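What follows is a set of structures for review.
Below, chain A partners chain B and then partners chain C, in two separate complexes.
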Partner chain A sequence: MNLTIGKRKSKGGLVIAKRHFVTSVTLPLLLYESLGLFVLGWAVVLMFFDYSPGRLGGPILGLGGSNPFVGLGHFIQMIKGTSVEANLFRISLRNTLIFAVAVLPLNLAITLPLAWLLESIGTRFKALYRTIYFLPVLTSSVGVALIWLSMYDPQAGWINAIIRAVGGSPVAWLSDPRAGFANVSVAMWAVILAYLWQDYGYNMVIFIAALQGIPQELKEAALIDGANPWQAFRKISLPLIRPTMLFVCVMTMLSSFQIFDIIQVMTNGDPNNQTQVLMLDIYKSAFRYQNMGWAAAESFVLFLIVMGVTILQMRLLRTEWEY
Partner chain B sequence: MATIAYPAKGTLSRKAIFTAKNLSRFLSYFVLTLGLSFTLLPFIMMILSSFKTNLENLRVPPTFWPENFTLENYRAIFNDPKLPLLKFYFNSSFVSFYTVISTLFTSSLVGYMFAKFEFTGKRLLFGWFLTMMMIPMQITMIPSYLILSKLHLINSLWGLVIFSMVDAFGIFMMRQFCETLPNELLDAGRIDGASEWQIYWRIVLPQLSAPLATLGILGFMGTWNAYLWPMIVLQKIDVRTLPIILTWFNSTHTGQGALVMAATVLIIMPILIVFIFFQRWIVQGFTMTGLKG
Partner chain C sequence: MKHKILTLLFVLTFVLTACGTKATPAPTEPAGGQAPVAAVTEPAEPVVLRMWVHTNNAFIAGYEPLIAAYKSAHPNVDIQLENFDYELYLQTLQTAMPAGEEADILQLFGTWTSQYYERLAPVPADVMTIEQAKQTFYAAPIGGYIVNDVLYGMPQEFNMEYGGVLVNRTKFEAAGLTYPPSWQTMDDVLADAQKLVEKDASDMMSTAGFHFTSADPTWASFLAGIKQRGGDYWNADRTGFTFNTPEARAHVQWMVDAVKAGVVDPIVFNDSTNFVIDAFFQGKVGIGYIGAWAIAEGQANFPDFADKWDYAYLPSIQGDPVFVADSGWGLTVSPNSKNQAVAWDFIKFVTTDVANATQWNIASGTIPAMPAVAESADIASAMPWVPKALNILPFGQYMGSMPDRDLVMYEIIYPHILNVLQGVETVDQALEAIDTEANSTFE
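This part shows the complex of A and B:
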C-alpha cells in the first residue's frame, strides 16, 4: 500500500497524507497546550502554598520546605484575617467593585445615545466622527494615563483651571484622600473618567454596527404608524440589539474588573489605597513583595468574580430575548 | 409631533416637518460635536503642551497656545543618551512583528485544520483548547513568569513572544472563514498533486488574506500597547517596549510636564497614524470581534 503513494494517488495515499498533516499540526499544538495545562496546574497549586521565589523551598517547583503548604490559609486570611495583606485585599476588592459598578452604567449612558445619534445622521460626517471617537481606544493606556495626569494637575491642570474660571475651588484630584462624591473618593472618580474616555469609542463602534444591522423598513414602519423617533428606538432598535447589549455589558464588566494600566500609572493605588484595585494588589503582592502564593490566591478570587458576573449577566439578559 | 408622520398634508405642515427635522438634526450634531470635543481636547492639550517650555507648562492658569513655540522638548528627547528612542521603537516592533506573524500562522493553520479535517478526538481537542484559552491572564501570569525565569528568558524579547504565539480568538475566526472555503477548491489542488502543506500555503492562505489582515492589525495594536506583562518580563531598561519606557521616563522627569508630553506624543502617534491609514479595516475588525459575541 505504501509503495503506491508515489506512483498514483490512491484513496489510501490521500488518507495517509491527510493524517500526516493533521498529526504534524496537532502534535506541536498538543505540546503547547500541555505547557498551558502545566502553567494552570502550577497556578492552582501555588494558591495553597506560602510561596516566594526568593526562598529555596522543596525539590518540586520550590514548593514545601521554606515555602510551606498552608492549605486554604490564604482564603481564610482574606475573609477574616487582620494582617496588612488581608486588609489591603478587602480594600482592593471593594474598590474594584466600585470601579466596575460605576463604569458600566456610565459607559452605556454615553455610548448608546451617541451611537444612536451618529447612526441617524447623514453619512457625510459619520466616518469622520467615528474615527475621532475611536482614537482614544487605540492610544496606549500609559499615554492616556499621562495625558489625564497632566489634566488633573492641581496647579497647572486644565480641569482645575476650568473650575477656577467658574468660581469653584480647585481640587487635588489624585492626592486628596478626604475629598469625595457619593461616598467614592475623587481619586476614584478621576480614574473612572480617564478610563471612560479611553474606552467609550469601542462600545460606540460596536453599537453603531449593530444599529446599522437593523432593517430600515422596521424603523420606517414604526414611524409611519405614528411612533416618534424615541419610541422607535425604544421599542424597535433596543430589543433588536439585545445580543450586542449582552456582549458589550460582559466585555465592559470584564475589562473594568481587570483594570490595571491607567490606575498603576496615574495613582498606583494612592491616596490611602483609595484606588488600589485587585489587579494592582495582585501585581504588587507577586512582584514587589514576592508573595506569590498569596497573589495566586487573590487572582483566583478575581477569576471567580469575573466568571460569576459573566454567567449572571448572560442569564439576566438572555431570559429577555424571548419576546 | 404626530403630524410629522403624515407628510402629505399640505405645505404648512410640510414646513413644520422641515423645521422639526432640522432642529433634531441640529441637536444631534450639537451633542455629537460636544462629545467629539471632549474626545479631542485631551489630545490637543497634549500636543500643545509638548511645544511649550517646561516653565510655561507649570503656569497657573495654564496657557492654551504655547507662548514661545519651541521644539526644545523634542530635541532634548532625541539627544538624550539615556533614551535611545530608536532602540525602544525597535523593541516594540520586534515583539509586535513576531507575535503577529506567529499568531497569524498558528491561527490560520489550526483554524483550517479544525474546519476541514476529520480526526478522532477532534471535538475533545477543540473543547480542551477552548477552555484553556478562557483562562484569563492574571491566573497564568505568575507561573508563566516563574517558567521564564527558570529558562533565563526574563529580559528577553522572545520571552514575551513565546506566551502569545497561539491566539484562541484568531483560531475561531479563521475556522469560521475556512468553513466557507469550497471543498472542490482543495480537492482540485489534491488532484493536481499538491501536498497538504502546499494546499495550505498556496490555496488556503491566499483565500484568507482579508481576515488575516484584520487579525494582524488588531494583534499588532494589542501587542504594541501591551503594558502589564511586558513590564513584568522586561526589567532591564534597554530591552523595554515603548509603553514601559514612557512610564519610566515620566517617573524620572517629574515637574517637566512639557517634556513628558513630548515623549507621549512620540510614543502614541505612530499607532494613531497607522489607524488613520487603515481605519476602515480596523473598525471592521473591531466590530467583527464585537458582533460575534
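This part shows the complex of A and C:
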C-alpha cells in the first residue's frame, strides 16, 4: 500500500517535473517568437508610412508628422508610379524573375545528371568528387564574387584572355549594357553563372542522397526487364525522387528570389540596372536612401511572391505516396 | 541564404522598433536661428564624449593628435573616437539616431544635414553665428550645414568634385606631351587626352586618355556645365529641378562628343569597372577626373604605383569657372548629448583654429573649408595642388538642399548620362527621365 502511494507520488513528481521542463523551455521560445511576430507586425505597419529614420516624425513610434501615413500609396506607386523608386522596383522585380527562372532549370540541368553520374561511380572516387563539387558551397559568397569578378575583368580577366587567344573580340562582361543573349543582358548571365557555380554542389548532394535512398531492387528489376540505364533513370529513379525534387525546387527558387551578396559585390546592380534585383533594391532603399517605409513595402511584395511561388510548386510537385 | 527575406524584415523591423523606444528630444527652436547655450567652462567632473566618424585612415590620423591635444588642455575631458565602415556608418546613424543612442559628436557629410537636421543640435550662438560661419568658411562647404536658416555643424573640408584631375606625368612624357600642360580650353584637354589613349591588340581601350565617366565627375561636371552656360538646375523658388534645358542638353552633348573623340570608352571605364582612382593608380588613365580627396586614398591603396603624377585643374567650359559643391565632411552634435557645450568647444577647437584645421587637412589630404587655411604656406607646402585651386574655390556654390542628394546624383543623373555615353539612351530621353525622376524626389 505504502509502496503504491510512494509510486504515485513519484509519478506525480515526474509529471510536475516534465511540466516545469516544458514550461521553462517553451516560454522563452514563445517570448522569442512573439518578439519576432511583433517586429514583423511593425514592418507591416511601416509599409503604410513614408518613414525615414532621419526624420523625427510623430510622437508615437515616430509615425505620422514628417513620416506621414500613405496608406496603399507605396503599392500604387509600385504599379504605376513614375518616381525613380517605382521604376527601380519594376526593373528589380523583372530582373529577379529572370534570375530565378533562369537559375532553377539550369541548376537542375547541372545537378541532377551530375548526381546520377556520381551515384553510379565507384565508392573510391565518389567521396573525392563529392567534396570537390561541394567546395564552392562552403566558400563565402563575397569570395566567390571576387573570384568571378577578376575572371570577368574586361582587360586582365582570363575569360577575355582565352577569347583573345582564339582571335575573338573581348567582352565587357559586367559593364556593357548593350550586350545580351536571349533578351537577357550579358551581365545577368555572368552573374547567374557565378551563382550556379557556387550553389550547384548543395543540390547535387541532396540528389545523391535521394538517389541512394531508392531501393536497389527496383533498379535491378528494371534492368532485368531490359531497360537501359537511361530508361531506368527516367522511368524509375526520376519519379521516385519527386519529393526531393520538390524540396530542391522550392529551396532553389527561394534562394534565387533572395539573391543579394554576389550581385552586390560583382555589379551592385549595374550596368544600367540590368542586374538590380529586389533584395538589392530593398537594401539600397532602406540603408542607403533611408526610405524604410518603401523598403518594408518592397519586402512585403517579395514575401508574397515567394509564398505564392512556393505554394504553386508544392501543388504541382507534391506526391501522395512513399517508398 | 535561404532566409534572407525574413532576416531583412527582422533587421528592418528590429531596427525600427528600436527607433520607437526612445524619443529623440526635439531640438530647441533657436531664436534668430541660434540656440543659446552657456559658454564652456572647464568641467568640474570628468566628461566622456563619444565621437563617431566613418572609417578613413587618413581622416582618423588627422583626428587623433587633435583629440590628444584637446585632452591635454582639458584633463577632465575624455574623447573616445569610434569609426565605422562607410556603409555601416550610414546604417548605424539610421538606427542609433531614432533610438537616441548616437554618440555626442557625429561626423556628417554636409549634404546629409538636410536629411538629419531634425535629429541634430543647432550650433549655439555663443559658439558661432551663421554670419560668423559664412565669414569663416567658404560658401560651398558651410552651405551644407545650414538648413532653414539654422546652423547645425562646422565643415572641415571643401568637397570639390569639379575641375580637378589626376595627371599621369609619365604617360605625358611617353606621349611626347609637354608638362605642365597649358590648357586654355577644354578642347586643349581633349587634344592631349587623345594622344594619351592606348588600346590593346584586340582594340579594347587599355588606357583612358581622359577618364571623366565615374559618378562624381559626371554629375559634378554636368551641374557645373549647366551653371557655366548660364543655366540653373533649380526652379525659381527652389521647389523643383529644371534638368531638361538647353544648357543641360549642351553639356551632355559635349560629353557625348568627347566620347566620340575617343578619349574614353565608357563601357570599360566607368564607376563600377575601372573606377577612376583605382584605374589611375594602376596606370590605366592619362587624365583622371576626380576630387583631390582621391589623392590620399590612392596613395594609401596603391603604394607601389611608380609613375610620376600630379594634380591639375581644368579650364572652364565657358566663362567663369562657376561650379557647385556638396559641402564636405564636418562635425555636428547630438541633441541627446549631456555635454553639448564641451562637444561644441571641441568642434570649434578642431574646425576653426587655423593651426588645428591645417593639421587635419594635411593629414586627411582634403581641401580646407576655411580660406585662411587654404591660403596658408603650410598647406601650399604639404599639398601643392591646393594653391592651384585657390583661383576657382571662391566660385564654388553650395549645390542646394535636396530631399535626397544621393538618390538624385547616383540613381538618376549618373545612370542616365552614362546610358547616353554608352549608347543605350538618347540625350533627350535621358534629360526627360532625369527631370521627371529628380522632381519626383520632392513628392
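As a convention for this text, the second predicted complex is superposed on the first by the 306 of 323 C-alpha atoms of A that agree within 3 Å, B and C clash if a C-alpha of one lies under 4 Å from a C-alpha of the other, contacts with A are read in each partner's own complex, and residues count from 1 in each chain.
Rule of thumb we're sticking to: a contact is a pair of C-beta atoms (placed from the backbone, for glycine too) under 8 Å apart; a residue touches a chain by one contact, two chains touch by 3 or more.
Note that the structure is a prediction, hence the values are computed from the model and not measured.
Using the contact criterion defined above for the overlaid structures, shared-chain residue A:164 touches chain B and also reaches chain C. In the superposition on chain A, A:223 makes contact with chain B only, while chain C stays out of contact range. Contacts of A:239 after superposition: neither chain B nor chain C is touched.
Within the superposed three-chain model, A:12 lies out of touch with both chain B and chain C [touch as defined at top]. Touch criterion not met for A:215: it reaches neither chain B nor chain C. In the superposition on chain A, A:105 makes contact with neither chain B nor chain C. When the two complexes are overlaid on their common chain A, residue A:308 makes contact with neither chain B nor chain C. Of the two partner chains placed by the overlay, chain B and chain C both lie in contact with A:42.
Using the contact criterion defined above for the overlaid structures, shared-chain residue A:66 touches chain C, although it does not reach chain B. Between chain B and chain C, B contacts the larger number of chain A residues.
Across the two superposed structures, the residue set of chain A contacted by chain B and also by chain C is 36, 39-40, 42-43, 46, 53, 61, 141, 155, 164, 251, 258, 260, 279, 282-283, 286-287, 292, 295-296, 299, 302-303, 306. Of all the residues in chain B, the ones that touch chain A in their complex are 1-2, 4-5, 24-25, 28-29, 31-32, 35-36, 38-40, 42-43, 45-46, 49, 57-62, 106, 109-110, 113, 117, 119, 125, 128-129, 132, 135-136, 138-147, 149, 165-166, 190-191, 193, 195-197, 200, 221, 224-225, 227-228, 232, 242-244, 246-247, 250, 257, 260-261, 264, 267-268, 271-272, 275-276, 279, 282-283, 286-287, 290-291, 293. Those residues of chain A that touch chain B in the shared complex are 9, 14, 17-22, 25-26, 29-30, 32-33, 36-37, 39-40, 42-43, 46, 53, 61, 110, 113-114, 117-118, 120-121, 125, 129-143, 146-151, 153, 155-158, 161, 164-165, 197, 201-202, 205-206, 208-210, 213, 223-229, 243-244, 246-248, 250-251, 258, 260-261, 264-265, 279, 282-283, 286-287, 292, 295-296, 299-300, 302-303, 306. Chain A makes touch with chain C in their complex at residues 36, 38-40, 42-43, 46, 51-56, 59-62, 66, 81-85, 87-88, 141, 154-155, 160, 164, 169-170, 172, 174-178, 251, 254-255, 257-258, 260, 267-268, 270-273, 279, 282-283, 286-290, 292, 295-296, 299, 302-303, 306.
Those residues of chain C that touch chain A in the shared complex are 1-2, 4-5, 8-10, 12-17, 19-20, 23-24, 26, 87, 90-91, 94-95, 97-98, 115-116, 118-119, 200-204, 206, 267-268, 270-274, 284, 404, 406-407, 411-412, 415, 418-419, 422-424, 436-438, 440-441, 443.
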